[in-house]
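Chain nomenclature is as follows: A, B, C, D, E, F, G and H, assigned in order of appearance, with residue numbering initiated at 1 for each chain independently.
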Amino acid sequence: MTTPRLMQGNEACAEGALAAGLNFYAGYPITPSTEVTEILSRKLFENGGRFIQMEDEIASMAAVIGASLTGAKAMTATSGPGFSLKQENIGYAAMAEVPCVIVNVQRVGPSTGLATAPAQGDVMQARWGTHGDHPIIVLTPSSVSECYQLTIRAFNLAEKYRVPVIMLLDEVVGHMRERVELPSANQVEIINRKQPDAAPHQYVPFRSGYDKVPSMASFGEGYRYHVTGLVHDDDGFATTNPEIVQSHLNRLQDKILLHTPEIVDSEQVDTEDAEVVLIAYGGTARSVTRAMRMAREEGLKVGMFRPISIWPFPEEQLKLLSQRNVKFITVEMNFGQLALEVERVVGGKNAVYRANQVNGELIKPDTILDRIREVY
Amino acid sequence: MTTPRLMQGNEACAEGALAAGLNFYAGYPITPSTEVTEILSRKLFENGGRFIQMEDEIASMAAVIGASLTGAKAMTATSGPGFSLKQENIGYAAMAEVPCVIVNVQRVGPSTGLATAPAQGDVMQARWGTHGDHPIIVLTPSSVSECYQLTIRAFNLAEKYRVPVIMLLDEVVGHMRERVELPSANQVEIINRKQPDAAPHQYVPFRSGYDKVPSMASFGEGYRYHVTGLVHDDDGFATTNPEIVQSHLNRLQDKILLHTPEIVDSEQVDTEDAEVVLIAYGGTARSVTRAMRMAREEGLKVGMFRPISIWPFPEEQLKLLSQRNVKFITVEMNFGQLALEVERVVGGKNAVYRANQVNGELIKPDTILDRIREVY
Amino acid sequence: MLPEVEQYFRIEKLPHMWCPGCGNGIVLHSLINAISGLGLDQDKTTIVSGIGCASRAAGYLDFDTLHTTHGRALAFATGIKFSKPELNTFVLMGDGDCTAIGGNHLIHAARRNINLTALVFNNNIYGMTGGQYSPMTPNAKRATTAFYGNIDRSFDLMELAKGAGATYVARATTYHTELLTKLIMEAHKNKGFSLVEVVTACPTAYGRYNKLGKPADMLKAQKENAVNIKSLKDGIVPEGKFLIGELYRAEAPEYIDQYLQAATKLREKGGK
Amino acid sequence: MLPEVEQYFRIEKLPHMWCPGCGNGIVLHSLINAISGLGLDQDKTTIVSGIGCASRAAGYLDFDTLHTTHGRALAFATGIKFSKPELNTFVLMGDGDCTAIGGNHLIHAARRNINLTALVFNNNIYGMTGGQYSPMTPNAKRATTAFYGNIDRSFDLMELAKGAGATYVARATTYHTELLTKLIMEAHKNKGFSLVEVVTACPTAYGRYNKLGKPADMLKAQKENAVNIKSLKDGIVPEGKFLIGELYRAEAPEYIDQYLQAATKLREKGGK
Amino acid sequence: MRTETVPSIKETVVKLNQALCKKCGICAVFCKKEVLVQKQDQKIYIENAENCVGCRQCVNLCPDYAISLEVVE
Amino acid sequence: MRTETVPSIKETVVKLNQALCKKCGICAVFCKKEVLVQKQDQKIYIENAENCVGCRQCVNLCPDYAISLEVVE
Amino acid sequence: MTKSWEVRLSGSGGQGLILAGIILAEAGILDGQNVVQTQSYGPEARGGASKAEVVIGPGDIDYPKVLDCDVLLALNQESCTKFTDDLKSDSVAIIDSSLVSQIPSVNGKVYPLPITKLAREEVGKELVANVVALGALVGLTGVVSRESLSNALMARVPKGTEELNTKALETGFKAAKEARTRKTTQQVS
Amino acid sequence: MTKSWEVRLSGSGGQGLILAGIILAEAGILDGQNVVQTQSYGPEARGGASKAEVVIGPGDIDYPKVLDCDVLLALNQESCTKFTDDLKSDSVAIIDSSLVSQIPSVNGKVYPLPITKLAREEVGKELVANVVALGALVGLTGVVSRESLSNALMARVPKGTEELNTKALETGFKAAKEARTRKTTQQVS
């Protein structure tokens, strides 16, 4: 561990990315994510990496994918409006299996909304924002040090599974500063994409083994292969053959499904004896923690289930919890998004209540406490 | 009714729009929606309306909103990649409450996918594709004549509730030609947006009555009001006041929630005695109808629940059905999207099975029949 | 209260949200003077803007005003104007709004030569988001994303608009307010796509990083560095200076005119 | 099989998917001749394309090839080139791809003067989607979305690229294959953003609607209407004709150079 | 050297709206007649109003419409 | 009037790959020596091969790389 | 007529199969039938389809594609090879013998007719092979009435080409008649 | 020290409150405490915040914002009016009396100090009012140690301004000391 220091959430994302080996960043400024861009504009320039401010978010996403294909670890950061614009190319990254990390620091939407105020309105968009159907990994840190750790993890997952990974912050987490003790470089586990072991002329760029993840050659190293956003065969070339189409798209699903147990991440606090379990992520988890403490002081047996990977959703973990006769309250700064998934997973068996707020402020512990008292 | 004729689904969308009073269209060609654009480029030019081919889908969506603000009935049509690009401005239309219709003819995705092949991969994107949280109306026709009827309805709903409405076709429905008998002009119910009854200086552009829908003045008529994608007060001006923010965003939700009974639309076929109910929409509903017939011939009691408005989802209707001990099978050309909503609504009580296919072809009745036999 | 301000502003919204010394307020003053000078019907005039400090302008002006999404103002305005051509349509954009994310809409509005009057508030920076470099930030200048100085080349907006097909391009500064008013009037009179670039000071997000002094110093620099094209000898712009005045004018058919004429002709011929 | 085809094509993918007489195949032939003439390392050369008929080219060429999303090829290519500057990067785009949806990336690549060689297959139409007019469709020509003739003005791509900052702009046709090869070579040698527009025939989606005859007739028209800039007298292009050859060249610092030099300088000074 | 031309022939008096003024100091710098003065508290004061030549420089350059020239009847 | 210059000094013979040819007819129109001929069945036939001057016009203009000039040793 | 017909028109792009499908479907409407017409496309919209399908029947048509092909038209080798496979014993296959050399041995009645050659030689324009084919198809199967087919055709063809198209249609009808009498069909049960 | 402090620094943009918050938080870290610092922004990023908050305490800090304000710094009238409301009886409020004219009668100890005036007149630069304020705040409350505050400050200020800032800090400390002895605070229980 390094000496403790004060760090902002966005800064921790930037530092985490650097620790993970980031060497390419393309972005377009937007509140409340701009600090990520600003910090990396300087640090990458200083450390021999590449920073480019593109003409818009679409171009930023494109440049990130292009860079990743040359072997770079590449990232971009944005907020709602920019995240919407990036969707088409995020889908491209999914289809062409190009590892990259997209940071979205959520503000109030839709549209320009409230640029400087927190919300969690992009939870479903992060999962479903692009056209077509493909799985995705979305991580939601609740603290500054988690911003750092999860950004490293985001890169590791992106590289390991050749997928775009989304770091979904909210303005609270992105902008708050906390005391952090960062692990020193040798304490950080770094995963790099699997390199082809075949000779160039034997390389089949989209053929995978048991793990469903193909190895990935970098452009410029003699493999001379083709990458497209069209549905393609193992060789990388467009096809309309129904069997190949289905099996290619299945593989995109399977490579996440198959590894879901490794990918999902969640935390439980005081759930053992809880009669009411609050479900929260990101900034709201902080309010919930306080509310829980307050509730416990009143003698209410309350716990928290915190999905850290919201997609894939920690379904099994929640199901386990739901076997006891607990009531759930989803706490979100939106009109109920992850709540839908919770209802889907445990709705038939357990009562699921909601506590939602989108007024530009972090939901207060009191508000949550009131809701706890109501449903207890 | 007019004399029967052969018509393509996309053409029926165009004709329905004209019947609803369309006078502005902006678009950018993309397979498999291009016919809508091509037909309207000619018809609007001929009938005194306005057609413009914009530089991209983002601009098309923007121009549509601009035109609508002048009082026009405005539409655009696209497919997946373009739909992704339009998301930011669809959110704008939702936030600023500008009526308009967006046609999305689904093809296989993600990314370029298969441009000429059917899929239903944008079901969740249609609901959640833009950042932030707002409700939306999405209609899914299953036949050519329904393309016509629902496009008219889409305009009526857009105008009535001041919302963007999405016509979600799939390539099967968009490209197939069927015999249709269109209603004559006087049989078509047309709804226009509520005009202000206050004098210009008393006009409060975003204040609404019991129905939560504000009246809407056209630009150029002396009302001189302000429209923004920022969260705004009833006067239309940006605010960060938490109460106003919450109540403005609540109203966007409420105006749909409140009118859900009027908006939702679904069809049930042979569900009375069914032991297995297939849930399908759009092109797949056609395969399901055939599969159902085949199953009935085998003596299997099978029915179909067809959401016509997939968003808002006909939740109450499905719940009613679920009270009987039926099994459900969702049939979709994706990896299970509306299935999630079905599971959410009835999952705790009823068994929900899935039949999914995304191979670029319309799912075959046989495939469905096999699934029916499996779960029966 | 100045009478023109009283007439054309939503005065209850003043003071505006811009920083002390921000040039945007000066631009608006010239704009309403031009609108007044042109005698435009306030009910038939609409202001469309994007997102950014400059684009907040729409909210202060007493017309039908539309504050759109970042970069898309010209596309929204195209819908308005094409749908209701009798509306005088001014499009207010920041330099980032217009030339970064909005660049495509700019060149296409210019190509179509659609009858819009575009005003670009060029403060050489992304002001609203706190000072990142824009495509109009001069080389070597500092910004929050160019800590060691900007390595990007900047656009020559006049050349860009002209190359894309604009039929009127002019430039003024917030120091040259009367020229600015005149140019906006001329731009509006041009039947086609017209662009007026206004060099304006952002003391907060640009001036501060680049040690350009107080707002008044930035205005002074405008005065000193601007060369009126009319006073230009041999066409050579002295090092470090820039041209102001009417920079380019051309004749070309206007988009909506073309459309309506062709459509009318068709209907006169009996259609189809 | 032609030796250059054998060398630079994925010959197992031939015949290509283009229509009989489509000019795209001719362009590719010139491109590989240029690559061969330049002696570029095949392993260090990458082809990036967008979406459209022209963009399908990437799949046929035996390099690292990237078939991106519609309009975004230059942005993807920017990421590649900036990340690995030693890669020779050719960007192949249709006229719609490059100038309609991709217009913004074009002008920004030009502004940055990033060392990419862009090839625009200008067939005056959206070929892939079946013949809608593009920003390069001449006025009055017919298209599936311009049943009565196109009312839009078209870009002068040379003026646009130049106005945006490109440092090399040239034009050839598929008839002038040797010129085309030469221009691509020159374009690639230019250290900066270079654009070569190739006038190419789309008999299916453009020729047919506009009754331009067979593929050979369209090629003949290219021969007849193209005027080499070197043979131009008094700078006046005869009515109905267009220029070919090297149309514009300028000197300007290249983007990546600027970045790397500045970064190196910083590190030499001991950083921060 | 000529001084600024005075467009108004009517006699005018400069007025300052403190509620609008943001104390940017522009008017004070550009008023050649030192009618407008920025003091240590950053506020603008009108001094020597009679020196005003009605050149409107302050009116045109004030970003906040805080200054007007009113005609004295 | 001069005829086309012949870049190759070696003697060449024109070859046609029917598998690649799409019968667009371009080569036949542009071969000045009528070596390449398109018949009613739309196919291209090599006739009077000896007339070929090796101008490469057909090679350069064939969109499908169906024609090559091969050196006769 | 209560039977519902599933017709598949196949060949390569540019042979006018979609138009043929549309005309057939419109003829069905003129006959008072219900119809659905679909097609499959190449990789994007570019290029013609290789397959057009028409389902014609008296009642509602649910599944819009051909499942059990009653009538197959195959205008090139590839489609002939691909689509004759799943024919039933009562299916009818019409194959352009001027373009298809290998006629697989299959279920149903197979009529090899030199459609393109007829169009070129008898009608004088290869372009109208699709209409010749339609004539032959309807002549051999009666999926729609000849009158409706002719009316539907006339409503679709460009002005000035009526005669040419009528001739093409008649040529198709004639070929059908001859084929039927010649009984040169393959019958493999 | 086990108590956790909730500190709110308020005023208008440009008064350097966020920087003050950061310095305070970093001082907390130097003291071995846990800290969270947050702020609220204007409509977009443009312009300064009007509020910075710091929570300092020995253990984990869950909710990152101020709920029960222990220490309030108010550098303008608006924030003084707005934020003194919910003070508790053991809260401390430090108010810049050179900018705030109406000091509401509130719970807790209220110290009106002429912070900006002190910065201008004693230190010679209005700009360092935030540092004077920090000195006063820490002097009056001890939320962090003076030494840590001074160290945190020195680590943050630009080179060449160390002396100026030290002077500002001392001025704040002094003002705090005087205020405490003067006992001119309002005490409304």
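As a working rule, a contact is a pair of C-beta atoms (placed from the backbone, for glycine too) under 8 Å apart; a residue touches a chain by one contact, two chains touch by 3 or more.
Remember, it's a predicted structure, so these values are computed and weren't measured experimentally.
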Touch-network distance, chain A to chain B, counted in steps: 1
Where chain A and chain F overlap in contact partners, by chain label: D
Selected pair, greater C-beta contact count between D-F and A-D: A-D
Centre-to-centre distance between chain H and chain G (centres being mean Cα positions), rounded to whole Å: 87
Mean-CA-position distance for chain D and chain B (Å): 39
Distance between chain centroids, defined by C-alpha means - chain E, chain F (Å): 84
Residues of chain C whose C-beta touches two or more other chains: 19, 51, 69, 100-101, 103-104, 108, 128-130, 135, 148, 152, 259, 262, 266
Junction residues of chain B, two or more chains touched: 31, 34, 45, 55-56, 58, 81, 88, 92, 111-112, 114-115, 117, 228-230, 238, 240
Residue ranges of chain A in contact with chain C within the complex: 28-31, 34, 37-38, 41-42, 45, 51, 53, 55-57, 81, 111-112
Touch list for chain D against partner chain A, complex: 10, 13, 42-44, 46, 48, 51, 58-59, 62-69, 72, 75-84, 86-87, 104-105, 108, 259, 262-263, 266-267, 271-272
Touch list for chain A against partner chain H, complex: 4-6, 31-32, 34, 114-117, 172, 175-179, 283, 286-287, 289-290, 293, 362, 364-365
Interface residues, chain C side, partner chain A - complex: 51, 69-71, 100-101, 103, 126, 128-130, 132-133, 135, 144-148, 152
Chain C-touching residues of chain D, taken from the complex the two chains share: 100-101, 103-104, 107-108, 111-113, 135, 148-149, 151-156, 159-165, 252-253, 255, 258-259, 262, 266
